[in-house]
Amino acid sequence: MADEREKIVQVRNLKQYFNIGKPNEVKAVDDISFDIYKGETFGLVGESGSGKSTTGRSIIRLYDPTDGQILFNGQDISKIKSHGPQMKEFRREMQMIFQDPYASLNPRMKVKDIIAEGLDVHGLVKGEEEREKRVRELLDMVHLNPEHMTRYPYEFSGGQRQRIGIARALAVEPQFVIADEPISALDVSIQAQVVNLMQDIQKEQGLTYMFIAHDLSMVKYISDRIAVMYHGKIVELADSDEIYNHPLHAYTQSLLSAIPVPDPEIEKTRERIDFDHSQPFSDDQSLQEVLPGHFLYCNAETAASFK
Amino acid sequence: MDKILEVKDLHVNFATYNGTVQAIRGVSFDLNAGETLAIVGESGSGKSITVRSILQLLAKNADIAKGSILYHGDDLLQKSEKGMDNIRGNKISMIFQDPMTSLDPTMPIGKQVAEPLLIHNNVSKKDAMARAEEVLRLVGIPNPKARMKDYPHQFSGGQRQRIVIAIAIVDYPEILIADEPTTALDVTVQAEIIDLLKELQQKIGTSIIFITHDLGVVAGIADRVAVMYAGKFVEYGSVNDIFYNPQHPYTWGLLDSMPTLDTSEANRLNSIPGTPPNLLNPPKGDAFAPRNKYAMEIDEEEQPPYFKVSKNHYAATWLLHPNAPKVDPPASIKKRFEKFKQLGGSVK
Amino acid sequence: MGVKNNMEQIPNVPKEKFKLIHDENNNEQEKIGTPSLTYLQDVRRRLFSNKVAVVCLTLLSIIVLISLFAPLVAPHNPNAQQVTLSNLPPKLGNLNIPGFNGYQNMGGKMVDAYKQAGASKDTFYLLGTDYLGRDLLSRIIYGTRLSLIVAILATLVDLIIGVPYGIVSGWKGGRTDTIMQRIVEIVSSVPNLIVVILMMIILKPGLGSIVIAIAITGWVTMARLIRAQTFQLKEQEYILAARTLGESSTKIATKHLIPNLSSTIIIQTMFTIPNAIFFEAFLSFIGIGIPAPNASLGTLLSDGQKAFRFLPYQMWAPAIILSIIMIATNLLGDGLRDAFDPQSDD
Amino acid sequence: MAKYILKRIFYLFLTLFIIATLTFFLMKMLPGTPFSNQNRMSPDQLKIVKAQYGLDQSVFVQYVRYMGGLLQGNLGTSFQFNNEPVTALIGQRLAPSMQIGAQAMILGTVLGILLGAVAAIRKNTWVDTLATFISILGLSIPSFVLAVLLQFYLAYKWHIYPVALWDNFQSSVLPTLALAALPLGNVARFMRTEMVDVMSSDYIELAKAKGNSSWKVVTKHALRNSLIPVVTIIGPMAVSVMTGSMVVENIFSIPGIGEQFVKSITTNDYPTIMGLTIFYSFLLVVIILIVDILYGFIDPRIRLGNGGKE
C-alpha cells in the first residue's frame, strides 16, 4: 500500500501569503497539504496564477512560509533560520531546476563556475583539479561536451542551457529536486531531450522529483502522482492514470478536456467542458480522500457519495 | 477551390551584426478561400517571418530578397506603402501572439476596435462604434456597450486576445493571419480562443493562416498543414496527410517526441537530438541532416526537392527518391499509418 | 510504392549516394563553432565599432594624459604673474596666422599687442595671457587637471556610497528599503546645487569641500539606479539558484550582483563625471569654488567672462575645453550604453 | 486616489520639515557672526541688532521660533535689506524668475519633444544623428557659458536683443534661450529613448497591421504613449532650470530669485539663504507632487488601478 512507502516531503497546511494586511494581499498558496514519497515523481499542475510555482519555492525555502509545516525527511524545515548550519545542510539535500534557460544562468560566469557553485559553497571538492574533474563528470552526465566548461551561457542553445542548470542542481547530490516548469520554455523537439535526461538520472541516482508544469500531457507522462492546483488550493490529487481516467473535480475535468491532442480524429470529437470560475470554493470544503489514494477538494456530503 | 493567395519562392534575409541570416529560404504555398492553413515549426524556423512578409510587417533590417506574394493575382511585394495600407486590416488582418502587449494601453478598447473601419471604410464615427460593439459581442466580451470605454489593462489575458481578434475581424477580412495566438494563454483559455476562431470562420467565411508550434492545436484547427524547418517547408499536405501519413523524418520526430495521453512511462519519449542549424551559414545539403537518424550521403550534398506523396501532399526528403533504401519509421508513426489506412488512405 | 509514380520530376541521383550515414554517437550537433568571446570582449568589439565613441574616447584620453603630465606639458608656471605682459592675445610662434599672431583690435585698429607690451621677439603665448599676465594655456592645462580630479574623486565617492546603498536597499527590500528610499527622497527633494552651495558656504572653499559637497548629493541617482536593477536581478533565476545552493548574501552580491550591475555602474559613471565637472565650474563661476590663485575650468570661465567683451579669447578657450569634455563624456556614455546593451535590430 | 494624494501631502510636509531643520542647523554651524560685513558696528550696537533678530537666545529657542514662523508662512528676515522679510523679497522677485523659468521649460519641452520624436522615427539616419548631436550640445554646454555667448553675440555685437536689465518681453528672450538648452537636451534624449521603445512594441505593430499610414501610427498611437513618461522628467527639469537661473539672472542682471540667492551667498545673508533654500525645496516638492498626480490622470493604467493581476 501507498502508505508504507517512505515519505520524503510532507507538506502540512502550508500557507504562503504576500503583502499581508495590505489591500493587495495575495493568498498565493492557501492551506495545502500533501506528501511526496521517496523515489517518485510528483507532478503539480495548474494554470498561471494557481500558486504551483510558489508552492515549489516555499518548499525549498526561497520564501518564508506564512503558516504550516514542511517536513523534509521527518524534520520541519519551514522555520529554520535562513543563514544557519541547518539551512546549509538542507540546501544540499533539496535542489531546484528553473524554468527559463535564459535567465537561470549568470551571463557573466563560465559554465565551469556555474556548475561548480554548489561544490564551492559546500566545500565538496578540494583543489582546482578535483573541481574540474567533478565538473567534467557532471557535464558528461547531462551529455554536454566537457570542452565547453570554459564557455559562457550565451553560446548555448535553450536545451543545452537547461542541461547545464540540471548539472548545477545535481552537483551537490541532492535527494529531492524541484523542477519548476523545466521544459515550458523549450521547443517541442528539445523538451523530450530534457525529460528523458531527467528520467535517466532519476533511475541512476534514485532521486525524487517534484515536477511543476502547466503542460498536462508531459506531466502525465513523467509523474507517478499528480496534484491539480487552482487558486492556491489543491483541488485533486491522485495517481496520474487515475487523474486522467477518472477526474472527479470539475476543474480537473475542464482542464483535461482542453488539452489539444495531435490527432485530428480525436480533436474532431473533443468536447470542451466549461468550468464556472465565479464560485469555486465554499467554506465546508476540504481536501479529503474519497477513494483509496484519490483526494478531492469537496464537502463531506460529496465525499460520502463515493463511499 | 479559389486560390486567394499564392506565395512563390519567398526568400527573406536579415542583415545582422554577424552577417546575413537567411531566415526564409524558398517558401511557396497557396491559400484557398475559407480554409485554414497551419504552419507549424520550432522557434526560429521562420514561420512568423513568412506570414509577416505577406503584410510586409518585417523589421527594418529585413530584406525580401526574392519571390512573389500574389493576392488575387496581384503581387503584394510590388505594391506601394499606401497600397499595402489599403490591404492591411481590411483585406488581410493579423492577430499577434501576446495579448498583454498587443493593445494600445492608452486608448479605450472600443476605439481600437473601431479604428480599422474608420481607416478603410467611409463610415461615421458613430456607425463604426456601433459596429465595434457588435463585434465585441460576437467575440464574447460580456456587456460590450459599457466596456467599450475601458482600457486594455482592465481585461484578462483571454479577454484581451478576444479584443485583438475583434480588431482583426471587424472589417471582414478575406484572410486572417494568426501568429501563435494562443501560445501565451492557459490551456483552457487556449481552447476557448480556438473554438472562437473556428466559429468566426464559419460566420464570416474568412481564410485563416494559423501559426503555431503546438501540433495538438494544429490537429484541431487546420485543413492543411505545412511543417517548417530552418526557413523551408519540409512537408505539407492535408491535416490527415500530415498526422496519419507523414513522410519527412522531421515530421516523424515532432510527432514522436510528443507524449500522448496514452503514452506511459514504459515507452520512452523519442527526442530529436541536437539543435536547429544556424541560418547565418545554412548547410549546403538538407538542413535537417545532422539531426536526422535516417540521413544519407546525398543529404549532406544536395537539398532535397519536393517529392509528391499524393495529390496536394509533398515532402522534401531524399527518402522518397526511388533509389532510397526503405527505412523503418518510429513505432508511433507506424500506428499513425494504420489509422490512415482505416480512414481510407493509401500508405506506401 | 504507388505514390512515387505520381512524382513529376525525379532528380537523377546515383544509388550509392543513398547510403544511410547515421552515427548513433554523433556529437556534431553539440559542438560550438564560434570562437569564445567573453562578455567584455564582446562589449569592447561593439564599442570600437562605434566611430563616435572611439573619437570621444581618444579625445578624452588625450585630455587625461595632458592633465596627468601637466608639469611636463605646460609651457609656463600657471600661477606666475607678469603684469607687464597682461591680457596678451594668442600668438603661435612667429607664424602669421590670423587670430594667433598677437594682433589685437584697439580702437578700431589692429595692433601688435606683444610689441606694445614690450615683449621680446621670442615671447609668445599660444592662448594668450590673462589680466595678471599668466599664461592661459598653462592655466587651462592645470585647470582641466583640477576639474578632472574633482570629477574623479566625486565619482569615486559616488560609487562607494551609491552602489552599496542601492544594493542593500534593493536586496533587503521591505521595511529597510522603505526607510532607505525615504532618505533618498528627502535628499533629492532639495535641488542638488543648493545643497552643494550650502555645503560650500559652511566648508572652507577648496578641492576637498567641493568633492564632499558634490558627493553628498551625487550618490542618490546611482543608488536609485542600482536599487532598481537589484530589484530586477534578485528575481532572476540564477540568483534564486545561488540561494538554493546556499550561497551567502555577500557572495551573491560579489559573484552575481556586481558583475551584472557593472554595465549600469559604468554607464552611470560616465554621466556623473560631466555633472561633477559642471558643478565645480558652476561653483567657481559664482565665486565659491576653487580659491585663487589656483585655476580650474570654472574660475577660468569666471575670469574670462568679465573681460569677454574685449578679450573674448580668454573665455573661448576654457569654454571649448569644458564643452569638449562634457560632450565627449556624454557621447561616450551613450556609446557604452549601446555597447553593453545592444538593441537587437541594429 | 484622494487617500493617495493626502498621504503624499503629508510626506511633502514631512520632507519640508526635515529640510528646514537641516538648513537651520547647518546655518547655525557657520563660523563668525552674520554681521561680519558691517564691522563698523560697536559691541553695543551689535548687541541690539542681535536682540532684534533674536540671536541672543539659545539655538533651540531660535529653532522653535523659526519653525513657528515657517508655519505662518514667515521665512525670516533678511540681514541685508533693512529688515525686509524674506517672503517679501521673494514676492518682489518672483515674477521675472517665473517668467523666464516657465518660458524656458515650455520652449525646451516642446522643442525637445519634437527633436526626440523626429530622431526616433528616423532612427539611425542622419536626421537622428543631427538631433542627437543637438541634444548632446544642449546637455553639455553649461547655461552660463551659453548665456555669455548669447549676450555677447546677439545683444552686444549684433544688437538683436537688449544686453541686460529687465523691462519687457524682449529682455526675457536671451535668458530664456540660455536656460532652455538643458531641458531641451534632456527631453529630446528621453523622448527618443521612449519613442524608440514604443515604436518597437507590439501594439504599434498591430496599429500598422490595421492599415494605419506611418504618419497615423505615429500621431495616433506612438506619440501619446511616448509622451506620458516624459511628464516624469518635468521635476528634474524644473530643478535644472531653477539652478541655471541663478547665474543666468546674474549675467543678464535680472532682478529674480536666483540673482538674489547668489547675492545673499556673497553677502552672507543667512536668513535669506535659508529662506530661499526652503522656498526652492518647497517649489520642487510641489512640482514633483503635481507631476505625479498629473501622471496618474494621464496614464489610464494608473488612473483606473491595475484591474486585477498583471
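So that you can tell them apart, the chains are marked A, B, C and D in the order they are listed, and the count of residues begins at 1 in each.
One rule holds in what follows: contacts are C-beta pairs under 8 Å (C-beta built on N, C-alpha and C of every residue); 3 or more make two chains touch, one makes a residue touch a chain.
Quantities reported herein were computed from a predicted structural model and do not represent experimental measurements.
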Most centrally placed chain - per-chain CA mean versus overall CA mean: C
Chain B-chain C separation of Cα centroids, rounded to whole Å: 49
Chain B and chain D: spacing of chain centres that average the CA atoms, whole Å: 54
Chain centre separation (chain A, chain B; CA means) in Å: 32
Geometric centre distance via CA averages, chain D-chain A, whole Å: 54
Set of chain C residues in contact with two or more other chains: 30, 345-346
Where chain B touches two or more other chains at once, by residue number: 273, 275
Shared-contact residues (touching 2 or more other chains) in chain D: none
Topology of the chain contact graph, where touching chains are joined (line, ring, star, complete, other): other
Touch relationships between chains, expressed as pairs: A-B, A-C, B-C, B-D, C-D
Residue ranges of chain C in contact with chain B within the complex: 1-4, 6-11, 13-22, 26, 28-30, 46, 342, 345-346
Touch list for chain B against partner chain A, complex: 42-43, 186-188, 190-192, 194-195, 213-220, 239-240, 243-244, 253-255, 257-261, 263-265, 268-273, 275, 339, 343
In the complex with chain C, residue positions of chain D that touch it: 11, 15, 18-19, 23, 26, 29-30, 124, 132, 136-137, 139-142, 144-145, 148-149, 152, 156, 196, 200, 239, 242-243, 246-247, 250-251, 262, 265-266, 268, 273, 277, 280-281, 284-285, 288
Chain B residues touching chain D - in the complex, by the definition given at the top: 55, 57, 81-82, 85-90, 93-94, 96, 98, 101-107, 115-116, 119-120, 150-151, 153-156, 164, 167
List of chain C residues in touch with chain D within their complex: 185-186, 189-194, 197-198, 201-202, 274, 278, 281-282, 285-288, 301, 305, 308-309, 312, 315, 319, 322-323, 326-327, 330-331, 334, 343, 345-346
